[in-house]
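One chain, chain A, appears in both complexes that follow, with chain B as partner in the first and chain C in the second.
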Partner chain A sequence: MTTELLVSHPSIPFVVGALLMWFVRTVRLRQAVLVAVPLVALMQLSHLPDTAGTFTYLGLALQPLRVDSLSFLFLHVFCIMALIGFVYSLHVLNPGTHGAALLYVAGSLGVTLSGDYVTLFVFWELMAVASTFLIWLQPTRTARDAGLRYFLVHSAGGLALLCGIILRYLETGDLAVVQVVPATAGLADYLIMAGFMLNAAVPPLHAWLADAYPEATITGAVFLCAFTTKTAVYALCRVFPGFDVLAVWGACMALYGVCYAIVENNSRRILSYHIISQVGYMVCGIGIGTDLGVSGACAHAYAHIIYKALLFMGVGCVLEMTGRQKLTELGGLYRSMPWALVFTVIGGISISGFPLTSGFVSKSMVTAAAAEAHCSGILLLLMLASVGTFLSVGIKLPYCIWFREPVEKAPLQTRQAPWNMYLAMAIAGFFCFFIGCSPDWLYRLLPRHAAYHPYTASHVSETLQLLGFTGLGFYLLARKLAPHDTLQLDLDWVYRRAAAVLQHWCRARAQQYDEKLGELYATRGLHHFMGVARRCATYDIERIDRFVDGIAQQVAGCGERIRNFHNGKIQHYIGAAMMLLFLVLGIIVYF
Partner chain B sequence: MTPSLLLQGIGYPVLSVLVCLPLAGAGLALFVRSAPAVRWLAVAVTLLTLGASLPLYSSFDRTLPGFQFVEHRAWLPAAQFDYIVGVDGISVVLVLLTTLLMPLCVLCSWREVQERVQEFVVVLLLLEAALIGVFVSLNIVLFYLFWEGMLIPLYLLIALWGGPARNYASVKFFLYTFAGSIFLLFALLMLYVAAGSCSMPELLQQPLSYELQMLVFICCTVAFAVKTPLYPLHTWLPAAHVEAPTAGSVILAGILLKMGGYGFLRFCLGFAPAATREAAPVMMVCALAAILIGGLLALGQQDLKRLVAYSSVAHMGFVVLGIFLLSSRGMQASVLQMINHGISTGALFICIGMLYERTHSRLLADNSALGALMPRFVTLLTLCAFSSFGFPGTNGFIGEFLIIVAAFEKKWILGAGAVPGVLIAAAYMLRALQKIIWADRSPHHHPRETPPRMFSDIGLREVGILLVLVFFIILIGLQPSVVLDLTRASVESLANRVAGAGR
Partner chain C sequence: MNIFVRLIERAQQRGSLLKKLFGVCLGGIVCVGLTLPPEAGHLPGDHLPLFWSCFGLLGCLGLAGVCKWIAGMFLERDTDYYDH
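So, the complex of A and B:
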């Protein structure tokens, strides 16, 4: 059973690959490993058993491998994404980045496959730690600070998850990852949901995403954008479909992300807020809970991974070549980086949901589910979010980076990006169109069968109208939408301020008191104690010893006096002898 | 009593051999003039004695409470003095301690004693014979003979090879201890007159009247309290220790002080059990005072040897406390503590001797910041110091812990009074260690302007000496039954004897 597990679990090649990164020295061999590992995983996918059985460890029943259509879908897209991501990062020489990315993907796959909460938690934390290194390996000071915040936030989320798991185990004695019915959900379940929501970057637990992703390494951000949030989406899909609170929250989240994205200046930050927005669609779909909703969320996750990675790759290309990611510092790159423009635009239209792209066939499932469930408020929010998405990433982002005249007159230093970056972007772009053109390929993988036909006249015309008027709106409001180099305050202001206050209090106040307390024994106690010890020593020498020596000196003194008695005069001797004789006689007579 | 020899299958009178071998060696050393040869002779004789004493450990019957390896020979039939030697559980461990420490004393004086080496060896071997004789003799006159016989060699040891104030210290030691022994002689004479016999086995079987017991107890207590030493009769010890050479300090601390404890067990508890029961509270209070005040005295010291001397006062306070708890556990623990103290304080004095050979000063101020220069030495010194204050894992912990447990069992306030003593011990030991290994940062320290020093770390001979002691420190610390097994039966019978004695 163990060998079967080791052979069939797709995380194993990734872990082995990470170990190989440590040992293998030649670059070419490392690159070969990087490409081979996701291919091996894809091969394993075709031979996955339904389950590899249950293990007992420390009295807990663990099921590390459990496959059904839901997890298979996510596994599929994760492995493809891993391949794209590794192709994108072939040119990076630091093996640490590769090792961290490999472990990160391994963690993600492990969560997707886990049948019990213990395995899930272990792989969850593996994901958190490995992804932190993807941020820390960027050698800037801001990356170091952002990585620390990222790690702390994820640790807190992991702790909430752990609390929920432990409470659930204590209440039910069951560790299996199964769906929870909204009516019977208790504190334990809500804690687990909170842990999942933090990884899914649901506001108010979302600020870490926009804080950390812009600071990561270029290739690291490509991985980061794909795995953490979508693994959390999978987890929510598995355990909490149908919770109404998720539907409302998801819709608000979609609009929230878009609002911030429109005003942001940093290109990767814009994309990070769009992650929040798109994940909002998924969370909304899960919350609606109907077959269409859940399938829509899954399909959207699939498509989103690929086109978001494509967007990050395009912007990452710009960052790699120019060293800049702020819109205010970029512009006019259409001459020097045309391919990056093409691919980013492909990603942009995918995320906006243009017909013939993957976004069109997947995002609309969620909105259709909302319409079907007669949630008009949610539908309105999602529509607004679509508008904002296209506005921000479909039009504004490419315009500002590639078309607009740069603010500085000096030309930007550019050179051609490595070929593997373009190859990776090409693969992703291909998938965007492929899924868009033949959606049945994706729909076959969906967990719940929902009859949905995206290419209807109404749908196409509605989409084109929406996008067209958004474009018109941008053209008219272009001046107002110009980027400004300002800092946007998000909800993380609250806990960052609180952390600063706490740190000041600890360093200045608590430490001072602690030092005084620690020194108390020396200032108060030790001084007096040593004084007592010294007084004891003095007493010993002055009194006791002097007494003893005094006796000896007295005896010696007596002897001296008696010696001096011998003065040679015989009459003194006779007189003394007589007195002694009388004394002795007197004593004898008396007694 | 009929003369007899209970050889217990060894085949030779082991105890007489143990007493006579060093005597023979001393006699032989009178003819060897060259210094290196006589040193090697000393090593050979002491090692031979050690080897001859090993059968005591292996053939000792741990189940019998009485005396073993008894040799009974006629000596002065007219005065009913017989030559009786034997060991029981209490004395066998002390004999083994003596034979263990003597070769180490010879080895540690290899370079230290350069003048009159022949006389030094003779004195040392005579001392060994007397020390072993004290522990094995079962005739009270023989006991007194060896008791006093050990004073002269030790006096010579301090007076001839000691420090600057050696005259004062040696005379003080001699007169003080001798004055105490006068009381012992008085008690022994009273015992002989009252019981009509000199042999300890016979005396132990005869019950004595309460008044006689009290008199014997008081006189013996004075003698042994001076020897132990018990506060406030302790002031000879710092002077003697400071001025003695290393071998003298080791013998003084390692073996001589144990004679006081042994005397308490054998005479006060053995011959005067009812009086002991009456007087035990007073003795325990004195012991507690010794523990606490001895520790406080050690804390304020700047001279290393004085510090260890006062720590000996504190440790022997633990021993006396354990004895006068009058429980089997307390007495066993005190015998163990005697052995532990012998080993660890002997080791500490040897370490201080090594320091003195290099820095020619015993002051803490002159011996500071040595950690970088002498790492091996400092490691072994730390181990010995840890054993001295009873760090768990070392032998000192077992002894002190068992005594404190026995004290708590008797009365909780006794245990509560003894525990600060352990804390103070840790304080002064660690303070000394800190100043030796690292620089002295106290406000009282004004470092002298001396050029940077280079000392050689300890060599093979010195490491060997310390490793032997460290081995026993760790062995007894982790497996105290090697000592406790030997003492159990005798101590239990003694405790029963004290508990069952009528008023």
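So, the complex of A and C:
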């Protein structure tokens, strides 16, 4: 079974690839490994067994490889995304970035395949650690700080998950990752859900995402936007479908992210808030829990991974070339970076759900599920989020980066982007249109059968009305929507301020205690300590030194006697040897 | 790609033509919306023709206005806010 596991588990090539990154020094060879690893994993997917069996470790029944249609869908898109991401990062020379990304993907695939909570937790934490390095590898102070906050928040989430797993094991004696029925859910299940929700960036556990992703390395952000939240979506889909609270939370989340994206100035932070928003659709579909809802969540996860990565790649390309990511510092780039514009617009219309793009055939499944379940409030929030999505990413983002005249009159210094960046964006752009034009290809991969046809005349008309008139709204408000170079407070304010206050309090208290201790020492302690020191010195001189000096004198005398014994007369040596011999023989005979 | 760049520059020079083109597109969308029967209603009023046009426009204006107001009132800070 171990051999079968090693051969068939798609995480293994990524772990091996990560090890090779440390040993292989040739850039070309490293690039070959980066492309080969996801291709090998994709080939493995076509030969995956349903399970590699169960084995016992420390008395726990573990199932590290379990495949069904749900896990296969996520594995498939994760491997495709890994291929796109590594093509995008081929020009990066730092093997650490690639190593961290490879381990990160391995963790994500491991979570998707795990059939028990122990395996899931191990891979979950591997993801957390590896992804932190994708932030820390950006050599800035803000990245270091954001990475530390990211790691601490994810450690807290991992702790909640671990507590839930232990409680569940104590209650049921079972560690299998299986669906939980809402009526029977207890504290253990809700702790596990909290752990999953933190990684899915469900408010109020979301602030880490918009805090950390904009600070990550350019290629690191492309990986980050695809794996952490979507692995959590997979986990929620696996364990908690049909929880009403998720439906409401997801709908609020969809609108929450969009609202921040509308007023944000940092391009990668806008996209980060849109991850929260789009994951909201998925969480909502999972919460609705019908076949259409769960299928919609899965389809949207698949489409979202690719178009969100495309958007991050487009904006990352701008950052790579100009060194800037604030909208107020950009503008007029259509002359120097037209291809990046084209691909970002493809991502923008996909996320907005334009007909013929992937967002149209996936997002509408979730809204249709809400309508089918007669959840009018949820439907209203989701449709409003669609309007905000097109407003902020579909129009505002490309307009401010590429079309609007730059605020600074000096032209931006741009370099030519590496060819591999454009190739990766072209692959992702192809998938956006391919899924949009051939939705049945995606629907066949879905875990639950749901009869849904996105291309009805009324649906296309409604979508065009919604998006067209949102465009009119932007035209009317273009000046008012101009970004400002400010920072928007979010719920990370709570722990960032709390940490600052705690640090200030500790520092003030520590200083206070230090001063008091110094005063006490000077007034009262010093005299006593001096007395003790004098007694110690006397004892040292009178006792210890005398004892040590005595031993030294004895040793010196003994050495002198031994030296005198060596007088060079052979008869004395023979006599002494004979006496010693007789002494030994005597002892032997006696005993 | 120079053709693409020239196309954008030409469109920028002829802004009024672009506006007219956008207006024609919106008019076409409205005409199609009026002729097609709306789907079964799930929101109050969505059985009316052009409901989603009004929803898009008013939603966009409302969302942008509310978000800007909330951000200006409560959320906006200097970029070095956390450094102090």
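Methods note: the second predicted complex is superposed on the first by the 507 of 591 C-alpha atoms of A that agree within 3 Å, B and C clash if a C-alpha of one lies under 4 Å from a C-alpha of the other, contacts with A are read in each partner's own complex, and residues count from 1 in each chain.
One rule holds for everything that comes next: contacts are C-beta pairs under 8 Å (C-beta built on N, C-alpha and C of every residue); 3 or more make two chains touch, one makes a residue touch a chain.
Only a predicted model underlies this, so the values are computations on that prediction, with no experimental measurement involved.
In the superposed model, A:Thr51 lies in contact with neither chain B nor chain C.
Using the contact criterion defined above for the overlaid structures, shared-chain residue A:Asp545 touches chain B, although it does not reach chain C. Applying the stated contact rule after C-alpha superposition, one finds that A:Ala537 touches chain B and leaves chain C untouched. By the touch criterion defined above, A:Lys480 lies against chain C but remains apart from chain B after alignment on the C-alpha atoms of chain A.
Set against each other, chain B and chain C touch different numbers of residues in chain A, with C touching more. By the touch criterion defined above, A:Thr328 lies against neither chain B nor chain C after alignment on the C-alpha atoms of chain A. By the touch criterion defined above, A:Ser155 lies against neither chain B nor chain C after alignment on the C-alpha atoms of chain A.
Taken together, the two complexes place no residue of chain A in contact with both chain B and chain C. The touching residues of chain A, counted against chain B in their complex, run 529-530, 532-534, 536-537, 540, 544-545, 548-549, 552.
The touching residues of chain A, counted against chain C in their complex, run 258-260, 262-263, 334-335, 338-339, 342, 370-371, 374, 376, 379-380, 383-384, 387-388, 391, 403, 456-459, 461-477, 480-481, 484-490, 496, 500.
Within the complex formed with chain A, the chain C residues making contact are 1, 4-5, 8, 12, 22, 25-26, 29-30, 32-33, 36-39, 42-44, 50, 52-57, 59-61, 63-64, 66-68, 70-71, 74-79, 81-82. Considering their complex, residues 172, 175-176, 232, 235-236, 293, 296-297, 299-301 of chain B touch chain A.
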